[in-house]
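Per-chain residue numbering starts at 1, and chain names A, B and C are given in the order in which the chains are listed.
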Amino acid sequence: MLVFAASDKGGTGRSVTSANLAYQRALTGDHVAYVDFDFGSPTAAAVFDVPGAMRGTAEHGLHSYLEGETAEPARIDVWRQTEHPLLRARPNQSGRLVLFPGDAGGGEFATGEEALERCIDLLLKLNGEFDVTVVDLSAGRSYAVDMVLAATAHPRMRNVPFRWLVFHRWTRQHVIAASGLVHAEHGIIGGGVDRGHDEDTLRAAVRFVRAAVPDPESPLWSQGSPAQAAWMQACDEALRRLAAEHRIGDSVVLGVVPLEPILQWREQLITEEDVLSTQIANKETLEALEEIARRLTDDTHWGRP
Amino acid sequence: MSDAVFRETAAEPRTQSVPLAHLSLELGHLYMEDFEAGPGRLRRHFEEVRPWAEAARAAAVARAGGRRARISTCFLVDDYFTRFATPAEVVPMLLAEAERAGLTVDYLARESGCAVTGKTPVAEAVAGRIVESPVPGSHGGRPPTARTGWLANGERAPVARAPQAMKRAAPWQPPRETAARRHSVFLDTELWNDDADGHRTWSCPFLAAVWQLARLGLLRDAGEAVLVPQQHTGTGFPDDWDDLPSLVRLNPRADPFSAYRTCSIVPNRFLPVEHAVRVVLDQIEVDPGALAQVAERSGKERTAVPDSVADRVSYVFYAGP
Amino acid sequence: MAPRQSTPPAVLACGEIRTCLLPARQALDIRSAAQLLGLRADERVLLSERPGLYARSPDTLTGVDCPLPSANGARIRAVGTVTAHAALTEGRVLQTSAHCRLPAAGPDQRRPWGEYLVRPGVVEPLGRLPRDAVAEGVLGGGRHGDLDVGLVADGLLTRLLRHPLLDQRPPFRSRPTRLRWVALPAEPGEGPSLERFTLAEDELRTVRLRIPEDTDGAGLAALCDDLALHDWLLTTVVRMLDGIRLGASGAEDTGAVVRALRPAVDHLLHLWMPGARVTRELAPLWDPLEERPGFTRQWQALVQRIRDQLTLHAIPAPHREVEPAP
């Protein structure tokens, strides 16, 4: 299963959330690959707390691979090479978690025919090796989005299942932008159809993740005034209506990630330890991530809404 | 696994051997424009060729250490790029003009036989044996500049490619001949092109390279010899080129068609083509079995044959039409 | 330049093999295997049906001109060709294998390319070859830009994996392995020997051999292909068993165990035939591996475990629930 993580705007927590999903899947025993196709800002190594030297030596990263400079992209075994003290003790019965980093200092680039073929080679190889492959894509209508749309429409990939997660924050602008990324003329679905995808199939494979959503019920806001609570309720309602109007309503939402300081500031994996011992992360956040991770392969949450 | 009792024929390679002369001497090519220029053109051609042919024979005898040198002559007619006249018209005239100049054509070949002979896709097979000369720095990854359908004698000038965002595009650099001595003579030759229907036309230099390999006895198809001469029987020649075998033996007492070395006597307008032929030949890995047979046979005859296939080929270019 | 009639004897041979599961739902029959491996229009694919289906492509060459990897940092430039072929075992396990031989010394300058092409599979140093340092360098992996025969094997694998015959539906998840090998000359009068077989990283194995000078290059490559194939089989089945949660109960877990182990029965268990395609001369090199750790011993234990697990899970769950009391 390939999972493409996309967002229209930056700051949606796409990278950190999708990395957490990869981590959660690995904890359940799946072999998971995390592929950093955020070409303009290849920083996934930081999320997994892979040492700086590691990042510096990643000259054989995905940029070099796709441009044909290196035959095999560098891979980082997260359990073994992370500096995160809790991740180093690979949990029993967990699957492999392997990061495919971009080049240190790599930038956005125009992808050609040869890069596309190499992208397909890579995705097929990962599909044969990993249960779940999470591909983090540059924000917006990027070359990365374009390339994987073309790749998944290629005859060689006809038997490889894939799903799209579109991340957006819970604001008016983000809702409209996320809808545009998927539904506008040259969006994921329109662009995908241009490249040979079947419209209904592609539509059925796209779900949304609302990120950094303040939960009015959360203890975080319980100190606020009643007026504030009422206002938050009303805003939430209005946003739900807006989302539905823009065809990204509740029926196509795979999950909601609460506003969580540890995700916003530290941009790292949330471990059980963070919730239970040090209590710097909220239980709800961890549960939300676990649930979204589970739903990735739960067919009842996919298909035509 | 030659030491085993149990054998499977499909699991064992073998290579058919072909008879070999010392020298294959090519007396010329015939293209449509030569034919259209009338018999006078052929007559002048053979008159020019004759002294050089004698010199080439003398050189071959000298190289054989005074022993009898086996020398066969051949002539190539283009029926691939343009179809003109018929064998019944062309061949008798050709033979008459050669004879008038005191020359004998032992073997006659059709150029289209270098593309496909019978059902054997000869040119395609040879194209599959191209091993590009590595430019310094080639360490096993695919050469980044490989261009389908072209072959160069060095490194092409890099193509300007859109760089990654905020990186600078590389400035222009000249192409470079890999074996250059101080300065480059860079050559990039087209091997084939495909038309809109996907039909492939092989280039003249590429077919000429195939022709040289045939004359050197180095062509095989699944171990079997290809372009084997057929004895011409009967008196006349057919009215359709397709009815003429790809390679015909006209002289029943001729020495073998293939040889340790070749020499071609051609007007100097062929110079660029033959330069390209050399570039191609220098990058073809010929059948190792065939190569070994030549090495073994020449060793027994104590006849020196250059290692490099391209060096087994020689030319005389005369100033001519 | 004077022609050099004979190839100088090699004092070092090295190679690398990629082994992976063929990404196709059905194993290829011998006809399709010949189609997949028909790398050249004018050369046959070698097909063999005893003791199992096996297909081997013609050799292909790749030109190289680059420094050799070396343990002491010497940058010796070398020029020549690397030989590569692909093989398919039982239509199921795909291997690409690249290798070359190196003489003790070569001319000081690069010669015309055609002279290298008549010695396929030979890479000549410019000057003297620091043999032992290069052997160590090959096994340890060179710097970027050094000769890397693994890249040649990888390039061929990539090319084959793009073949339209493959539906890209592997029957189970698995990982490719790489086996890198070097062969140094044996002491005069000594037979061939396997000095070291190392599981280096997750996917990398290194092998160090000693061989008599007249050892056939193709036979040597065949031995290493055979080692790589069987090591991949062991690695793959071990990982398959690692992935299941033993002692679990319930119908769902039975399903999971059977789902996880069945591909081994369907696709792998009948492939174990060490030495079947190795020349008599080199066959004894399997002996030390069989003695310790005992490749076949481990394989048989794994096979037995798989069969036991499948038998156990054929028993209805209530009867299986006799967990020993602590």
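Operating definition for what follows: a contact is a pair of C-beta atoms (placed from the backbone, for glycine too) under 8 Å apart; a residue touches a chain by one contact, two chains touch by 3 or more.
For each chain, UniProt lists the protein as follows: A = DNA-binding protein; C = SCO2521 family protein.
Being a predicted model, the structure only gives us computed values, none of them experimental.
**Q** Which chain would you call central, comparing Cα centres to the global Cα centre?
**A** C
**Q** Quick check: more C-beta contact pairs in B-C or A-B?
**A** By number of C-beta pairs in contact, B-C is the larger.
**Q** Calculate how many whole Å lie between the centre of subunit A (DNA-binding protein) and the centre of subunit C (SCO2521 family protein), each centre taken as the average of the chain's C-alpha atoms.
**A** Result: the chain centres lie 36 Å from each other.
**Q** Just how far, in Å, is the C-alpha centre of subunit C (SCO2521 family protein) from the one of subunit B?
**A** That pair's centroid distance is 38 Å.
**Q** Report the inter-chain centroid distance for subunit A (DNA-binding protein) and subunit B in whole angstrom, where each centroid is the mean of the CA atoms.
**A** Taking the mean C-alpha position of each chain, the two centres sit 58 Å apart.
**Q** For subunit B, which residues are shared contacts with two or more other chains?
**A** Each of 141-142 in subunit B touches at least two other chains.
**Q** Counting only residues that touch at least two other chains, what does the list for subunit C (SCO2521 family protein) look like?
**A** 151, 155 - these are the residues of subunit C (SCO2521 family protein) that touch more than one other chain.
**Q** Mark out which residues of subunit A (DNA-binding protein) touch at least two other chains, giving numbers and ranges.
**A** Those would be 70-71.
**Q** With touch defined as at the start, can you tell me which subunit C (SCO2521 family protein) residues reach subunit A (DNA-binding protein) in the complex?
**A** For subunit C (SCO2521 family protein) paired with subunit A (DNA-binding protein), touching residues are 20-21, 23, 144, 151, 154-155, 158, 161-162, 164, 167-170, 173-176, 202, 243, 245.
**Q** Contact residues on subunit A (DNA-binding protein) for subunit B in the complex?
**A** Contact set of subunit A (DNA-binding protein) toward subunit B: 39-40, 63, 68-71, 106-110.
**Q** Which residues of subunit A (DNA-binding protein) touch subunit C (SCO2521 family protein) in their complex?
**A** 29, 31, 59-60, 70-72, 77, 93, 95, 117, 121, 124-125, 127-131, 155-160
**Q** Can you name the residues of subunit C (SCO2521 family protein) that touch subunit B in the complex?
**A** Answer in residue numbers: 3-5, 39-44, 46-50, 54, 61-67, 77, 79, 81-82, 98, 110, 112-115, 117-118, 120, 145-152, 155, 277, 279-281.
**Q** Which of the residues in subunit B end up touching subunit A (DNA-binding protein) in this complex?
**A** These residues of subunit B touch subunit A (DNA-binding protein): 141-142, 144, 162-167.
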